[in-house]
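Heads up, the next two complexes both have subunit A, just with different partners, subunit B and then subunit C.
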Partner chain A sequence: MTTSRATTGEVARRLSTPIILLAGLLALTLLAAVRDDIVFERVITVMLINLVLVVGLQIFMGNSGLGSFGQYAFVTIGAYGSIWFSLTPQQKRVALPDMPRDWWLYEQHLPFWPSVLVGALIATVVGALIGIALVRLRGAAFMIATFAFLIVVNRVALQWSEVTRGSRTVIGIPKYTGLWTAFICAALAVVLAYAFKESSIGLKLRASREDEDAAASLGVDAPRIRWVAWVISVFFSGVGGALWAHFIQQFSPHNFYLAETFLIVSMLIIGGTGSVSGAVIGTVAVALASEQLRQIENWLNTQRTEGTWFGDLLPFQFVGFTEIVLAVAIILVLIIRPSGITGGRELSWPRRWSRRRQAMPSPADAPVKPS
Partner chain B sequence: MHQTAIDGAAGRGGQLVASQLTKDFAGLRAVDGVSFQLAQGEILGLIGPNGSGKTTTINLLTGLLRLTSGQITVNGTDVTGWPPHKIARRGVARTFQVVKLFKDFSVRENVEVAAISAKGVSRREAAARADRALETVGIQHLADVPASILPQGEERRVEIARALATEPHFLLLDEPGAGLNDAEIEVLLATLQRIRQELGCGILVVDHDMRLIMGVCDRLHVLNYGRTIAEGAPDDVRREPAVIEAYLGTEVVAGEPAGG
Partner chain C sequence: MTVPDFSELAQYLVSALSLGGLYALMALGLVIVYGILRLVNFAYGELVMVGGYGLLLFGDTPLPWIIVAILSIIAAVIAALLMERVAFRPVRNSSATTLLITSFAVSNLLQNIALLAISPRPRAPRLPDIFVKNVTVAGVQFKIVDLIALLVSLIALGALTVFLRRTVIGLALRAAADDFTMTRLLGIRANMVIAAAFAVSGFMAGIVAIFWVGSSGQTWPTVGLQPVLIAFIASVVGGMATLKGAVLGGYVLGFLTMGLQTWLPQGVNAYRDAVMFGIVILVLLIRPDGLIRPSYSRESR
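And now, the complex of A and B:
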């Protein structure tokens, strides 16, 4: 039988996906590192942090087929959770002035990476608990419940000023997240998401996405497996929040809400929910396009304020141009290509032509002939 | 020949026992006090006119629907009220009247995921089991084809292979012969015999094709309006007045003597 050889080829083809994705990301990161352009470096760093969130979201949405609008609840927890530990007591006095001095938490101080991990783990524990209830829901009910949870966490963060400084901005967080920190986390997220998808648990989850009754009849406990994917996904949301906190250096709960949720969901849908490649391509495409749009927007507005002949033609100041284009893009993608740019496929080394041609062999040529 | 098969099955001991299965759908009693036993190594035909409760019975046995009353045991374990995935892990596999393949997967992946799910084996071992199941059903050549482009007849064969990959003790087939031509029915007949002999599964076959039913079943169980109206050896059952009446006009039992 040719099975074993075909399988080896298949394994190589599958390995090619994460290699291609990582090579692409590495190229962009290197470009940002060597180009002496602070704006571009910033764009790429933000893109890589967003990629951690989008890939994390893909782990859940792509494999389970359920939509989540709740990731920013865990980004919030990851962000605050990490600064509770990364800040020294002196820094906390400025950043979180409402935290009582006699709290155990006030005294804690950890290096950057352990703080990221602890922040992400706090988010994960919360996510794991709420997930027990969530995974019993399906479809619209699930989406609404995740969204409701985002609202809950947001309100709690706004009120609980001992640990969040309430609606006021937390300031004075050291900048630990740089371009390469973001790259390392994004690369890990991509590799893990791909490994999860190809693992037996990923396969089972995708089967239940296709047909939950059929999967159950084979022994798949869909809610339990959905929970596992949810927990992994939440972990990456927490990591993304922690990275973001130490990149932006100041934030409030308002920075983790609707517009941000819309952005990562758009990135995933535009790229294609069904594949890790979709998450990567969507994030890169939206990040680079947004940057271009922002520059165009600036240019147009400058023309107007300077009163050039072209600027005089413009009826109004352009505000939110980027968001509008993004919204239109998502509508177009949903209409023209509902499964995203990648159509749910992974980027990979192409199969040999012969294999693709004989997609539907007849029983007559059952022994696969090498051609 | 039928008799020896039953004797052989008794030797293996395992049984799927349905007692007094009853299922109400808002005002309609779709299954009404149905009892039967399926031994490993035995092939039992579950037949009856459209809407007589055959699919509902399979859904009850696999936990997809909750019983209104009644009891189900698998090899001595009471599985009444268990969720479908737990019943599946006890060795009860099925196919669906309306085929439910994982369309995004290749044929091999469809079967592989079954092996992984039921027994928790590694992916490598699962691939080997998948190949064996595909071979048993005679569709190894389709392994790499996407499930979404299969013709209907092949879809049903993939569903059987998928069920087999769970290495079940009992296999419940809901109209495996639907949409198959005469030659394909012959192949299916041989496949079912082979599954029984090589794997020792107990098989429950629901079908309207009397050539398939008469050709492969050791015993028949006939439903009408959710109730059992006859059971026993195929040749006896087809002469029962109640069965002839239930099928009157549909001529399948009475009018197709070329059965066996």
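And now, the complex of A and C:
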């Protein structure tokens, strides 16, 4: 919509954002693939799966300005929804022993990718339905409602043992999600999120975020557009849940609750809600920093159990040290730099470079002529 | 369903009133801060946790139990004031989202500090035997703790009413809850009012902690989660905008919870929380201001 007046330099500059982000992610993934280090590969895979969730959250939160604490409701649905189809009836007998044998669902079996898609679509349908009501809310009321929905889904999953095995852990899920599977989904999420943000509908949504009344006066139906963004965002939550289920291989509803919600929201806030680059940078930074902290935590605890002179100085076993640093980091970011590391800007080719070649003002600076 | 006889009804009334009173205190502690800052303080549950660990810590001393209880309440108040000063004051003017996320982070931080510095396992503080004993009045058996909770919640509500209506700080608090900007323009210091709101919040959390930890007999790092969720439902249902709404919401929820617990079949009871949070979403959609609406409309949500 805005690109009609853009110069080639401007177009190149815009295209550079997803290219830079994908190149960075590819480099990390390659590093994990080449290095013969199972722990590191695991860290990067988990990071990429989280990235699908964080970018999904950014699509909604970044463009609409509304905070959602409900993403893990859809991660839950995506995870369980996908294993209903990816498991064979024999595997279901072990993983979901409470599911009645005469159910239609019990007999179903699909390959991995269709299962992921079906799981994500179930989450999307639920999200689309509840979204019709939710998008009418704003501000704190919206956040409270999404949070309440997370609790509703969590409690239902804990009780409905026919489809979830209740509060007990579902075990014996085959491991289909690998490093490259996660990379492909994360890359798709990044590209789609950026495309959405730059599309006319993304632009309208961002306009309504700044001033809903002014946007409405220009014909923007904010609740409807919010709903579209919500549905896309929910879809990625479902995909993330399905990927995660086939990576971790065993889980229960307890794995999809407040601490996990807090983690993905922290990643997005630390990176910067307003941009896709923020979502990527925040996720990578938090994932790598947490891993370092966890290693320090382990080292400290080993010192203590081995009773070295340094270990004897430590007053207690270090549990939750990583979470403490993460919580302090998010408080500091909110105080010092409320819009995150990126400050809502996208990573791109420096503007100066394209200008030197074009010697033209960017369309943002140009006076608007009536067309 | 059989018609409940007199003693069952009396037991229900007393336990519902005492639970409702406790819920009302929980909700008040949340709403008094929300009214001024538009902050849904998730870390409120961790104030309850501080109170609970206060009971554990001071309970190890030979002090009489009533002093232990008072010291725990003071600990919760101090924690609330610190929380406000360190975490919330710097982000006070940010959006509702930022405030909510800050409170989430504070809550997570305090939980993990308790996990790290104390223990992930539940600990049992020294408690007087009034928490387990029963008493028979007019042929009906009651738990002593229910009667005390009923009384204490009424006294606390009464004291808060007097504080809000008869003192200058109380007046400033009520004014700030109505229109914070106007109150500041009239020369009331923002820091003072907000600190007072947090102090009241900590005080409520301290009282809640005594009965909450007292009834389960244990305290652990996430002990405050259930109280903050209850406070949350009660205040949304009753109305986040007014203190009366919080109290009403607390009692409604107390009666509902006890009623469901007493008369619902076990299988359905498992979904109680899901139903209650479903109600929260419905209330937000149909009647966003809750049962009690503010006396005049403030700036749009």
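Definition applied: the second predicted complex is superposed on the first by the 346 of 371 C-alpha atoms of A that agree within 3 Å, B and C clash if a C-alpha of one lies under 4 Å from a C-alpha of the other, contacts with A are read in each partner's own complex, and residues count from 1 in each chain.
Criterion: contacts are C-beta pairs under 8 Å (C-beta built on N, C-alpha and C of every residue); 3 or more make two chains touch, one makes a residue touch a chain.
Because the structure is a prediction, the values reported are computed rather than measured.
In the superposition on chain A, A:Ile248 contacts neither subunit B nor subunit C.
In the superposition on chain A, A:Gly344 makes contact with subunit B only, not with subunit C. In the superposition on chain A, A:Val156 contacts subunit C only, with no contact to subunit B. In the superposition on chain A, contact of A:Leu188 is made with neither subunit B nor subunit C. Once the two complexes are overlaid on the shared chain, A:Val125 sits clear of subunit B and of subunit C alike. Within the superposed three-chain model, A:Leu203 lies in touch with subunit B and out of touch with subunit C [touch as defined at top]. Contacts of A:Asp211 after superposition: subunit B is touched, whereas subunit C is not reached.
In the superposition on chain A, none of the residues of subunit A is touched both by subunit B in one structure and by subunit C in the other. Those residues of subunit A that touch subunit B in the shared complex are 1, 3, 6-7, 199-200, 203-204, 206-207, 210-211, 213-222, 274, 344, 355, 359-361, 363, 365-368. Those residues of subunit A lying in contact with subunit C across their complex are 65-67, 133, 136-141, 143-145, 148-149, 151-152, 155-156, 159, 258-259, 262, 265-266, 269, 316, 318-321, 323-324, 326-328, 330-331, 334-335, 338.
Partner subunit A is touched in their complex by these residues of subunit C: 38, 40, 87, 90-91, 94-98, 100-102, 104-106, 108-109, 111-113, 115-117, 120, 225, 229, 232, 236, 270-271, 273-274, 277-278, 280-281, 284-285, 288, 301. Put simply, subunit B touches subunit A in their complex at residues 62-64, 83-85, 88-89, 93-94, 96, 100-105, 109, 112-114, 116-118, 122-123, 126-127, 131, 138, 140-146, 149, 162-163, 166.
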